[in-house]
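These are the structures in question, set out in turn.
Each of the two complexes below includes chain A, the first together with chain B, the second together with chain C.
For the complex of A and B:
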């Protein structure tokens, strides 16, 4: 028994070291494989989208998941440009999303400041009321909004989109911004007050710069919401010249048939700005979201 | 403190002013373009158009006396470059050219459920566009008529337009006419002549022959029938057809819907049982309930399925350049075969009248809107255009436009349509109310998925029919 206990000591150690190394390597390989699978799973829809945007309409669905475009139908993109007035829709989308984002950010920052830093009577119930906005389904607001917009002549204006877009994004933005503000040490503001700054001064000189990651997060989330929104755009806008980008897909639908190729080309083009924005701001987004998680 | 608050106010005012100015200038374009009508006091959406219109008159200056009129035209054909949308646009452009005082503004929205949702919004806010796409069924017309939203049309004035009388009936509620029907729709089985020839198959006249074809095709790994199982309406039409084939009359379904009869009878159960029998025999291949319209169409169009169960409107496949020429040149159509033990024949056609147009009762230019539709449906208009372009079967007489250059499938379809001894009229699913229609669709898909026996199926849809009759 004893010998058996003593004897293997040295070899076991060596073997152990080798084993752990092998294990580590295996673990690493496994990790790399796992991540590779994730990357492929994430990228596949995009590859699929661009692949499909180059197919003939008749090639869709019947055969495998991916089909090599032969020949690639660049005409789909030409059709998308020519028949759906992509540039006009693009400009409309940009304008509507842009103005909405400015409103959302200004409103959220000011309101967020008032809710986290100021003491007033209805603070808590009002904050709860704004948060309730997050659970209101868009569909239930379509008809009432349509009737109101109709009466105040906002139908078929950019405002009929900007106002509801802002309204629907403000609760989630408030949620992010208040979470973030809680992490800003009050000492910062106290020092500022001692140095003679007014409240707007504090907001613009102290809070806004510190809030940058949260603002980036809000901007990106709002952008994605507004950029892809379809049902409100369809309901409140009937004028071709005011339609936004997601509507472009509809121009290729007949009663029974659809020009799938052109639709996918449109979708691919709509996606590009979203991907770009996301890539550019991905750091800020994660920072903005996690910032509120751990209280300083 | 007061100084601070004062400061806040000043800041706030400046900021708000800035936001407003920025936003206003950014959106100014849209305001002037889209709703110059802010000044107008009329509540209708058409107000904006009228405002834009007076401006146009002023700048135009040419023809003074005639009043400038803008009609809004809301259609479910969004694609203006092919099919029915193209024909609509051709006719609209021509009309505007011949009538310089009339501008027709087109708004489009697809697919149909989305279109109908927006119609509901328009209806609820009493702001329907002047002319809208319409369907001649209870489901769609009912709520609009109940709300007095549609203008009644004078049937006598439409007499010399060559409409098939049954088509006008389907757009009537309580004897009053509310729409111009645009297509005659009917249900057939398309087939790929080359696949049939390669496998030594003949066009089936009976169910036994058809089941035999399924077996032969399955052995060769060819999907027998491409089927859009996801949109239950196709199966609904199939069910209507099968009930007729069992009973030998369309009355069973019609009576079950108006409650002078019932779905709970031998014929309906037999129809349901035969539907399951086809599916068991592999008619549609695996997973057909997950195939949507486009998939089914492409499976057939690429020559991967031998047959395709669909309405006459798919005759355009024969000229659709997205499909291989070999398939395009070999498309034919045949009527539904009879079924074993049933009394119906191949001469009984499931035919109804699909889309059309209606005029809003709120329209300020009702007379002009109706005039335009009458012009659009003059025999040389819609009927000729859709037939010559191979788009669809009009709901009007079209014999005079036969050129002899029709595609094979057009000829097959014409023969099926004109040889038919009886026509079904409105499809039953369209007589259900929106709620019970959902029940009907779900049950039919459960029947197809073998989650429901034929007996359970007729029980449930009979309840649904009862409910919609009581509504």
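For the complex of A and C:
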């Protein structure tokens, strides 16, 4: 009885299985194609950027989408490097970002400790105030800060960038630091107190080393923010020798309007460090960016 | 221990430097901005106190202000209705990419890591009439008649801005959803699979509802970012042609530094702060209510 019931079913099942396998393969191929197209479309402007940065000036107006650079014009990079004062701009950007990051980290770690570990009256309202800073558009401080900096003679100094960069990174950094500190067991500090450490000792000897991953995340995110900031750099600095990298683009687009190759080379040179930093610190960046939104 | 962690002096020295910096760069400027918004200052000569006149002007006569606001709403809609559903969809698909998963994640996020001034200059050349990629593609496809001065046409320019913003922010939107999905405990997937759920059912009935809080937060972030929009417009069209792509941040900048109406620019700035705070408050309220229904 049983075999007679099963027998006719088997071939149908096999056919069905073969069909689903074929369907699954087709689906898989379609899926792979779709993802490949997505990635290429997403990255296409960048591929195009690097392609065009190696073209001869005459090649730009030829029709076609990607043009094979023949020969690749590395000279564009040399031109851009020489004419845009890239080294100076790089140094300025590094200095401004570097000092901002140090301030951000120290301020956030100290404040983070006070906000998560200590007991005081204004703890909650002050924390709420800092979190409001996440909502306030940076650009609404552009006009008043321009006047204030002018009055206290901070315009055209590195500080006119460092101070606002540091201040505007405090909310997100505090978010990351306080989130991380909650996970540090208090027993660690209690033991330290028994060993005779005071609060600064605890922060520098116990908390800072444990916080290392959170600090790395904060540093990378602040770095990208400062490195890429544009409007303040253009508004507060008018002295050529103090300009940061974003200015290279504006300057170059204005001065060398017909030298397209060098323009694209400048864009490429500014882009490469960001991409390298991202590839080196992918996980830290992912953690930092998602810390705010997913938990909150 | 207790004595130590509630020591006022220590708290003061830990909190004061950061707090002073933050207040000096964020809150005091906004108060100063409010003060200047009540004047007719041109940024250079003597100014007069004119009360709420700037605000009256904004509310009653300033078409460009309302145009900027409308543009922010359009951008917000573009982000919430197009960018985010697509980002969520891709974030779900990436889960099935096996060993390619990390590579895909990195590739998709790369545009978001590049500074806006580079990406906008890049898009300006993609959309350029001279050697622009877009017009070239149209020629290659035999659609020469579709070629356009993309950023020169007021109706197209705003669509271009919205598109570029969607492209720039796509990596962030994607990453937030991706991390949200990764945050869902794996055993829930397995339990659903054991119950015989198909991939589609798993996505619709298990992952999607669990992602609801992440989606809500991201939608709030998207809307606020639409109202904060500045750099892309500043660099791509500077609000033009004929203020058709104006956004509030760019508008306050051009009022103060281009038209020398510093007081008025500050009034626009204060309106921007109020709008951003109001949106966050409203969205947070409505979200909390929805969460309560669970």
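Going forward, the second predicted complex is superposed on the first by the 218 of 296 C-alpha atoms of A that agree within 3 Å, B and C clash if a C-alpha of one lies under 4 Å from a C-alpha of the other, contacts with A are read in each partner's own complex, and residues count from 1 in each chain.
Everything that follows uses one rule, which is that contacts are C-beta pairs under 8 Å (C-beta built on N, C-alpha and C of every residue); 3 or more make two chains touch, one makes a residue touch a chain.
Since the model is a prediction, treat every value here as computed from it, not as a measurement.
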Partner chain in contact with A:103 - chain B first, chain C second, else both or neither: both
Partner chain(s) touched by A:260 [first = chain B, second = chain C, both, neither]: both
First, second, both or neither for A:120, with chain B first and chain C second: second
Between chain B and chain C, more extensive residue contact with chain A: C
Contacts of A:56 with chain B and chain C, given as first, second, both or neither: first
Touching partner for A:16 - first (chain B), second (chain C), both, neither: neither
Which superposed partner A:142 touches (first chain B, second chain C, both, neither): both
Contacts of A:199 with chain B and chain C, given as first, second, both or neither: both
Touched partner set for A:238, first chain B, second chain C, both or neither: first
Interface residues of chain A shared between complexes with chain B and chain C: 60-61, 63, 103, 106, 142-143, 147, 198-200, 235, 250, 253, 260
Residues of chain B touching chain A in the complex: 3-4, 7-8, 11-12, 15, 19, 22-23, 26-27, 30-31, 33-35, 37-38, 40, 43, 45, 47-48, 72, 74, 76-85, 107-112, 114, 118, 120-121, 124-125, 127, 129, 293-295, 297-299, 301-302, 304, 313-314, 316, 320, 322-324, 355
Contact footprint of chain A on chain C as seen in their complex: 1-2, 4-8, 10-11, 13-15, 17-19, 21-22, 24-30, 32-33, 36, 90, 93-94, 96-97, 100, 102, 104-111, 113-119, 121-123, 125-126, 130-131, 133, 136-137, 139-140, 167, 170, 172, 175-176, 179-180, 183, 214, 217-218, 221, 224, 227-228, 230-231, 234-235, 249, 252-253, 256-257, 262, 265-266, 269-270, 272-273, 276-277, 280
Of chain A, residues touching chain C in the complex: 31, 34-35, 38-39, 42-43, 45-46, 48-49, 52, 60-61, 63-65, 103, 106-108, 110-111, 113-115, 117-120, 126, 129-130, 132-133, 135-145, 147-148, 163-164, 166-168, 170, 190, 193, 198-200, 224, 227-228, 230-231, 235, 246, 249-250, 253, 260, 263-264, 267, 270-271, 274-275, 277-279, 282, 285-286, 289-290, 293-294, 296
Of chain A, residues touching chain B in the complex: 56-63, 83, 92, 95, 98-99, 102-103, 106, 142-143, 146-147, 150-151, 153-159, 162, 198-201, 234-235, 237-242, 250-261
